[in-house]
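Okay, so here's the structure we're looking at.
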Amino acid sequence: MNPDELFLLVPQSILLGAAVLLMLMEPFSRQAGRRRLRMVAVAAVAVAAYALRLQWGLGPRSIGGGMIRVDGFSLFFQWLFLVITGLSAVLAADFNQREGIDRGEYYALLLTACSGMSLMAMSADLILTFIGIEILSLSTYILAGFKRRDIASGESSLKYFLLGSFATAILLYGIALVYGAAGSTQYQAIRAAAAAGEVPALLLPGLGLLLVGLGFKIGLVPFHSWIPDVYQGAPSPVTAFMSVGPKAAAIAALLRLLVEALPGLAPDWTRLLWLMAVLTMTLGNAAALVQSNVKRMLAYSAIAQAGYILVGVVANTREGFTAILFYLVVYTVMNLMAFGVVLSLSGPGDRRVHLEDYAGLARRAPFVAAALGVALLALAGIPLTGGFMGKFFLFGSAVKAGFVGLAVIAVLNSVLSVYYYFRLLVYMYMKDAPQGGAESISRPVGAILAIGVFLILWLGVGPDRFLALAGHSILGLK
Amino acid sequence: MTELLWLLPLVPLAGAALCGLAGRRLPKRAVTIVACSASGAAFVLALAAFFELLALAPGDRRIEREFFTWIAAGDFTASAGFLLDPLSAVMALVVTGVGFLIHVYSTGYMRAEAGYYRFFAYMNLFLFSMLVLVLAGNFLLMFVGWEGVGLCSYLLIGYYFDRPAAADAGKKAFIVNRVGDVGFILGILLVFLTFGSLEFGPVFGEIAADSAFAPPGSGVLTATALLLFVGAAGKSAQIPLHVWLPDAMEGPTPVSALIHAATMVTAGVYMVVRCAPIFSRAPAALDAVLVVGIATALMAATIGLVQTDIKRVLAYSTVSQLGFMFAAAGVGAFSAAIFHLMTHAFFKALLFLGAGSVIHALSGEQDLRRMGGLRRRLPITFWTMLTAALAISGIFPLAGFFSKDEILWSAWAGGHPVVWIVGLLTAGLTALYMFRLIFLAFFGEARYAQGVHPHESPRSMTAPLVALALLSAVAGFIGLPAWLGANRFARFLEPSLSLVRRGDAPHLSHALEFGFAALSVAVALAGIFAAYRLYVVRPGTAGRIVARWGALYRLLRDKYRFDEFYDRAVIRPVLRLSERTLWQRVDVGVIDRAVNGVGASMAGLGGVLRGMQNGLIRSYAAWILAGTAAVLLYLSLFRN
Amino acid sequence: MNHYLTLSLLLFLVGTVGFIVKKNVLAMFLCVELMLNAANLAFVAFARDLGQLQGQVFVFLVMVVAAAEAAVGLAIMIVLYRCRGTLNPDEADTMKG
Amino acid sequence: MDVPFILSWITYLPAAVALVLLALPRASNRTLRWIALSGSLAAFLLSLHLGFHFDASSSRMQFEESVSWIRFPAFEIRHHLGVDGISLFLVMLTTFLTPLALLSSWKSVTMRVRPFLACVLLLETGMTGVFCALDLVLFYVFWEVMLIPMYFLIGIWGGERRLYAAIKFILYTMAGSLLMLVGILYLFFAAGGDTFSLVEIVARLERGALAWSSREEFWLFLAFGLAFAIKIPLFPFHTWLPDAHVEAPTAGSVILAGVLLKMGTYGLVRFCLPLFPGAALALAPWISVLAVVGILYGALVAMVQPDMKKLVAYSSVSHMGLVVLGIFTFTPHGMTGALIQMVNHGLSTGALFLLVGMLYDRRHTRRIADFGGVAHTSPVFAAAFLVVTLAAIALPGLNGFVGEILILAGSFARNKVFGTLAALGMILGAVYMLRMYQRIFWGPKNPANAGLGDIGTRERILLLPIVGLMLWIGVYSAPFLRRMDASVAGILERVESAGTPGGSYRVQFIDPPGTPGEETK
C-alpha cells in the first residue's frame, strides 16, 4: 500500500483508533469524566468527517487491487454513517446516564459499527463485504444487549445474535457459491464471469443466498422477523441507530453488489425484489397498524420504509439509485428524530413507550410534539417534508422504469401508513393527558430535533441540492 | 309611463323592503302607510300603463323593455325585461287593484297582530313577484315571479307559524308547487332547446311561422305544452296537484283572498294563455288541459258541497272556478279564460273578504254549522257577499254570468258537448254550494257560541267589500256576448292572442247562444232554489240525504282521499326508501361498511401478522429458512 | 469436487435444520458454526478446483470472524443465563406480536 | 395598476400571518384573533384586485407568475401560479369565506386559540394555492398540504367522534390523491420527462407533440378523476363527508363545504378535461349517471337525517352531483353553470354551516328534533336562515337558481333523461330544506329556546356579506358569468378536439348507454 492509499483509509483509522482509545479510557474515568468519553467519540466523528471532506473531489480511487473503492458512492455513505454515528452518540448521552449504561464501550462500539458500515459501502469484494457486515453485526449485537440487567435488552441481543449469525452463515455460503461460480469474489470479476455468455449454474443460487443475507440486514420480508423484537428490546438509542445505520449500510452493499457485480442478472433480481418490495411494504404497514407500543410501531414502520427504498432498486435506473440515496438521508433524519423523541420520553427503565404515554403531549411539551409531528408527517410522505420528496422521486423512478403497478401499490401502502403515523398525532394532539406534568428533554436532543425539523422542511422544499449530490454520488456505481 | 315600467313592480318591492327590514321598529301606522301607499301607487302606475296602452293603435299595443342581461352563458341568455301588452296590462290591473283593496282591508283585519309589519312585508313582496310574473318578457323571468309568488304564498300560509297546521300547510303548498315548477322549468328548457331563445317574442314568432323545428301538432310542441301545463296545474291547483290549496286556508283570510283566490292561483291560467301560441298548436295538450280543467271543476264543486269550514268551501270553489278557466283555455277560448279570471278575481276576493269579515265578527269561528242569522248583524257583509254569490252562480247581469256563459258557449261552439253538459252541471252545483254557504251563514237562527256578539267590521274592511261588490256587479259588461253587443274585452285582448292558431269556428246563431244563456241562468236558479229548500225551508233534509248516501258523503267530505293516497303512495314509501333502504342499508350498510371494511381487513391482516410474530427465535429462523427456499425456488422457476 | 460440494451442502443443511430443531442456545450456535464450516469447506473445494489460493485464505478469515462471533455470542449467553437461569431459546419470548 | 406577484401575496399572506401568530407567545387571544382576521381580510382585499383587473375576454391565464422552484438538469418544477375564468371566483370564494370562518369562531373556539387560527390560515394558503397552481407538482403539494390543517381542525376542535372523522377524512382523501400522484408522475414521463407545467403539457397535446393511447388516457383520467371524485364527493365516494361535517367545528365545516369540495370539481375542469378529453368524452355518460344518482340519492338521504349538519352534508352530495353533471354536459351553459354553482354552493352551504353553528353555540345540540319555534325568539336569525335556505333550494332571484338553471339547460340539451332526473332534485331539495326549516323555526314557543336570543352584531356582520352576494349573483349574474365565458369556451374547444370532426360523434357519444340518441339543437 502506498501512502496515497493509506490517506484514503484515514477516516476509518480515526474511528477505530478512537474506539480503542475509548476502551482504554473507560476503566480510568470516573463518573464526572464521562462527558469526556462522549466528547472523544464525537470528536473522532468530526475529525473523520473532515478527513472525508478532503477526499471529496479526488475522483474515484480504489485500494487493495480494487477491493476497496473510494468514490462518490462510498464517500456519500461514509459521510451518512458518520452523521448517524455522531447523532446516535449525542442522542444516547442523557439516556445512557439515566439508565446507568454510560460507558466508554458504548461509544467505542458505535465507532466500530460505523467503520463496519463504511467498509460495507466501500467494499467491492464479497469477502470484504462479509467482514464489514460482521464488524457491524458484532458491534450491534453487543449494543442491543447493553443494558445487561434488563431482560428485554438481553432477549433482544440474543435474538439478534442468533438470527444474525444464522443469516450471516447463509450469506457466507452464498459467497462461497458465487466464488465457485465466478472464480473470484471481486465484483468486477463476477460481472465479467456473468457477462461471458452462459451464466454459471451456481451464480443464481449464490445470488439468492446473498439476497437473503443482505435482505436480513435490511429487514426485507420474509427475513424481517427479528426487527420488531430486537428494536423493541434494545435500548432506545441503539434502536435509533439500528433503524438507520445498518439498514443504510446493507442497502449500500446491496446496490454495490447488484449494480457492479450482477447487472447481468438484473431481470432475475428485479423480479424477485419487486415481489419482496411489495411484501415488505404491505406486511410492515399492516402489522404497524395494530401496534400500541411506539417503538414496535416504529420498528414495523422501518420495515415498510425499507420496502419503499427497495422500489428504487427495482427501478434499476440512475434515477432510482439517486432517489434511494436521497431518501436514505431523509429517512435518517426523520427516524432519528422520531426515536430521539421516543428515547427522551421513555422515562426510567425505557418503559413509557406506549401510545397512551403520548396522550396530550402537545400540551405537556409543545416543541417535542411538534418535532415528532413533523417527523411523522415526513414518514407518512406529506408534501413540504423531505419524506414526500423522497417518495416522489422513488416512485417516479419506478414509473419511469415502467413499474407503474409497483408505484400504485407503494402509494396505497402510504395511505395505510398514514393511519398509524397519524394515530400518534391523534394521541399527541387530540387526546387529553391523563396525568399531565411537563416533559423535559435534554438540550442536545432538543437541538437535534430543531435541526431535524429544519432539515426535513429544507429537504421537502428545496431538495435540488441534495438530489444533485445524490446524483453525483451514484456516478461511482459502475 | 312605459319608460317607467320598471317602477311598477319596484314600488311594492321597496315597500316590502322597508316593512321587512325596518318594520319591527316602525309604528303600525307607518307600516300601514308604507304598505298601502306602495300597493296604491302600483295600482296607479298600472292604470297609467293601461291607458297609455289604450292610446296606441291595437296593432302597436306591445311594449317591450329590456333592463339588463340577467343570465348569459354560451347561447343561453335571459334578460330582465318586461313585456306590456293587453294581456299583461289586464293582469297587472287586476293584481294591483284587488291587491290594493285587500291591503286596505288587511289594515283592519290584521290590526291586532303582533307580526303586522311582517304580514305587510310579505304582501308587498307578493305584489312585486306577481307583477314580475305577469310583466315578464321571457319565460325565465316569468319563472322568477312564479317562484316568488310561491315563496310569498309559503310565508303567508305559514304566517301563524306557531300553529303546526299552518306550518305544514305552507310547506305542503311550496312542495306541491315545486312539483309543478319542475314541469314548468322542463318546459322552459324544452322551449330553449327547440327555439334557442327564451324571449316570448322570438319564440312565439317562430312558432306562429309554423317553424320547421316544431310544426303544429308536433311532439315537441305537445311535450312543451304539457310540461308547461304541469306547472300551471301546480300553481292553479288542478288535479292532481290541487291538494295544497284547501290547506292553504290556514293563512290569514286576506291572504286567502289575494293569493289563493284572486291572483296567484290564476297565474297558471295566465301562463297558459300567454303561451297560447304553443297550446293552440298542440291539440293533444289542449285536450289534456280541457279534461283536467273540467274534471277539476266538477270534482271541486262536489267537494265544496259538503265542507263545513267557510273558507274551505270557498277554496274548493276557487279550485272549481280555476277548472272552468282551464276548460276555457282547453276549448281555445283564451280570452274567455282571462275574462273569467278577472271577474272571478273580483267576486272571489269579495267572498273571501266577506268570509273574513264574518270570521272576524265571530272571533275566529270558521265552521258554518256555528254561524247563522248574521244577516242583520252584518248587513254590509251580507249584501256584498250576496252580490258575489249571485255573480259566481252566474245570475244575469252580474259579472260571473257573462264570463261563465262565454266559457260554456265556447265549449259548445268548439264542439265539446260533454264539456258543456259537465260545465252546466258544475254551474248548478256552484250555485248550490254557494247559497248553502250564504244560507247557513246569514239565515236561520244563530248557532254561534253564547257570549259572542257579532258586529259589523270597521270601515277599512267594509269599504273594500263594497268596491269589490260594485266590480262584481258591473265588470261583466265589458265582455258582452255577441247577442248583446260587442265583446270589448276580447277585442282588447286580441293583440296578445294574435299568434293563436284558430280553427274555423262554426257559425251558430245568436238565438241559440241566447237560449243557452237562459238555460244556464235557469240551472243556477235551480241550484239556488235547491239550497233554499235544503237549508232554509227544511233544514233537516240535508242530514237525511247524508244518511242515505253515507259512502258518497264520506268520499266527498274526505275530498276523494287524495291526501291519504299521496301519503300512502308517495310520501311514506319515499321516506321509507330513504330512511331504511338508502340511508341505513345502502349508505351505512354497504358503502360505508365497504370503506371501513377495507380498513378493518388491513387491521385483520395486521392481526394475523401479529400472530405470526410469536417471539420464538426458532420459528423466526424457520421463516428465514422458508424464505430462503422460496427465493431459490423463485429464482430458478422464473428464469427466462 | 462434487463430493466435497455435496458434503458441504449436507453440512449446511444439517446446520440449518439443527438450528431450528435444537432447544439450547449453545447448540444452536454450534449449528451456526457448522454452517460456517460448510461454507469453509465449499471455499476450499472451489479454491482447489480453480487452482487458486484465494479461497483458502478466505477460510482463515472466516475462522477469525467465527471466533469473534463465538466470543460475543458466549458473552450474550452468559448474560442471558444470569438473567433468566435458562438457555432455552423458547423462553426468550417476552416480546412478540 | 399592476401588482407584481399578486397571486403569491394572496396565497402566502395567510401562511405568513399564521407564522406570526405562532411566534407571538404572549399575545392575548383577542389580539391573536384580530391579527388573524386582518390577515385574512388583507388577502381578501388583494383578491378583489384580481376581480377588478381580470380580462374577461381572454381565456389565457392571467396574473401569471412563474419562477423556478426545484431545478434539475433534465427538468424543473416551477412555482407557477395563474388564474383564469375558472379559478378566479374560486380564489375569491376562498378569501371571502376564510375571514367569515374566523369570525364565526370568535366565541365558540376558546381552547387553543392560537393553533386554531393558524390552522385556518394555513388552510387558506393551501386552498388558494390549489386554485392558482399551474404546475402539477405544485398543485399536488398544495392539494395534500391542505389536508393537514383540516385534519387538525376536525381532530382537535371537533365533536364527539372527531377522531374517527378526522382519520377517515384523511385516509379517504389521501387514497385518492396518492393515486393521482402516480398519475402525475406517469404524465410527466409520458410528456417527455422535462416539464410538470400544465399549460405546456396541454399545449403539447394540442400541437400533437404528445398523444395518448386510449388505454393510457383512460387510466390517467381515472387516476386523476378518483382523487377529484372523492373530494367532490361523487357518489359512491361520499361517506367521509357526513362524518367530517358533523364532527368538524363550525369554521371547519364552512371551509370544508364552502371551498374544499370545490377543489374536486375544479380539478376535473382544470386537469381532467384538457389533459384527457378523449377519456372525458368516453366516460361522460357513466360519470353523469353517478352524478344523477348522487343528486337523487343525496337528496333522499338528506330528507331523513335527524342531525342538521348531516342533512346539509348529504345535501352537498346532491348539489355537487349537479355540478359534476353540469361539467360533463360539455355545453357552454352547462359548464358555466357548474362553475357558478360551485361558488353558489360555497356561499349557501357555507352560510348554512355558519347558521347551524350559531344554533349549536347556543343550544349545544344539532338534532333537528330538539328545536322548534326558534322564530319566536330569534326573528332576524330566522329570516337569515330562510334566505340561505331559499338560496340552497335555488329560488329564482337568489344565486342558486342561476347555476341550477344553466346546468339543467346544459344537461337537458345533452340528455333529456338526465336533465329531467336532475330537475327532480329541485323538488327533493325543497322537501328536505323546508322540512328542516319548519322543524327548527316554526311551531309553538319552546321553553328550551328561552335563552336563545337573537343573533348579535358580529353574527349579522358575518351573514350580511353572504346574503348580499347571494342576491347579487341571483339578480345580476352577468359580471360573474362574463368572466368565465372565454375560459369555458377554451376548455370546451379542447374537449371537442377529441371528438371526431362534424360533431355528431359528440352527441351520440354522450348519450347514456342504452338510450337512443336524442335530437339536440
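Letters are used for the chains, namely A, B, C and D, taken in the order the chains are written, and counting of residues starts over at 1 for each.
Convention: a residue touches a chain if its C-beta (ideal position, glycine included) is under 8 Å from a C-beta of that chain, and two chains touch if they have at least 3 such contacts.
Treat the numbers as computed from the prediction; the structure is a model and nothing was measured.
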Remotest chain, subunit A as reference, centres from CA atoms: B
Per-chain CA centroid nearest to the all-protein CA mean: D
Subunit C and subunit D, separation of their C-alpha mean positions in angstrom: 65
Cα-centroid distance, subunit B relative to subunit D, in whole angstrom: 37
Approximate Å spacing (C-alpha centroids) for the pair subunit A, subunit C: 26
Cα-centroid distance, subunit A relative to subunit D, in whole angstrom: 43
Touching two or more other chains - residue numbers and ranges from subunit C: 16, 19, 28, 89, 92-97
Multi-chain contact sites of subunit B, meaning residues that touch two or more partners: 599, 610, 613, 615, 617, 621
Shared-contact residues (touching 2 or more other chains) in subunit A: 158-159, 162, 166, 170, 228-229, 419
All chain pairs that touch each other: A-B, A-C, A-D, B-C, B-D
Sites on subunit A touched by subunit D in the complex: 377, 382-384, 388, 392, 395-396, 399-400, 404, 407-408, 411-412, 414-415, 418-419, 422-423, 425-426, 429-430, 462-464, 467-468
Subunit B residues touching subunit A - in the complex, by the definition given at the top: 599, 602-603, 605-607, 609-610, 612-613, 615, 617, 619-621, 623-624, 626-628, 630-632, 634-636, 638-640
Of subunit B, residues touching subunit D in the complex: 20, 24, 68-76, 80, 140, 143-144, 146-148, 151, 154, 158, 161-164, 167-168, 170-171, 174-175, 178-179, 181-182, 185-186, 189-190, 192-194, 196, 213, 574-575, 577-579, 582-583, 586-587, 591-592, 595, 599
Touching residues (chain side subunit C, partner subunit B) in the complex: 16, 19-21, 23, 28, 89-90, 92-97
Residues of subunit D that touch subunit B when the two form their complex: 168, 171-172, 236, 238-240, 297, 300-301, 303-305, 331-333, 336-337, 340, 373, 375-376, 379, 383, 390, 395-397, 401-402, 405-406, 408-409, 412-413, 419-420, 423-424, 426-427, 430-431, 434-435, 438, 441-445, 475-478, 481-482, 484-485, 488, 520-521
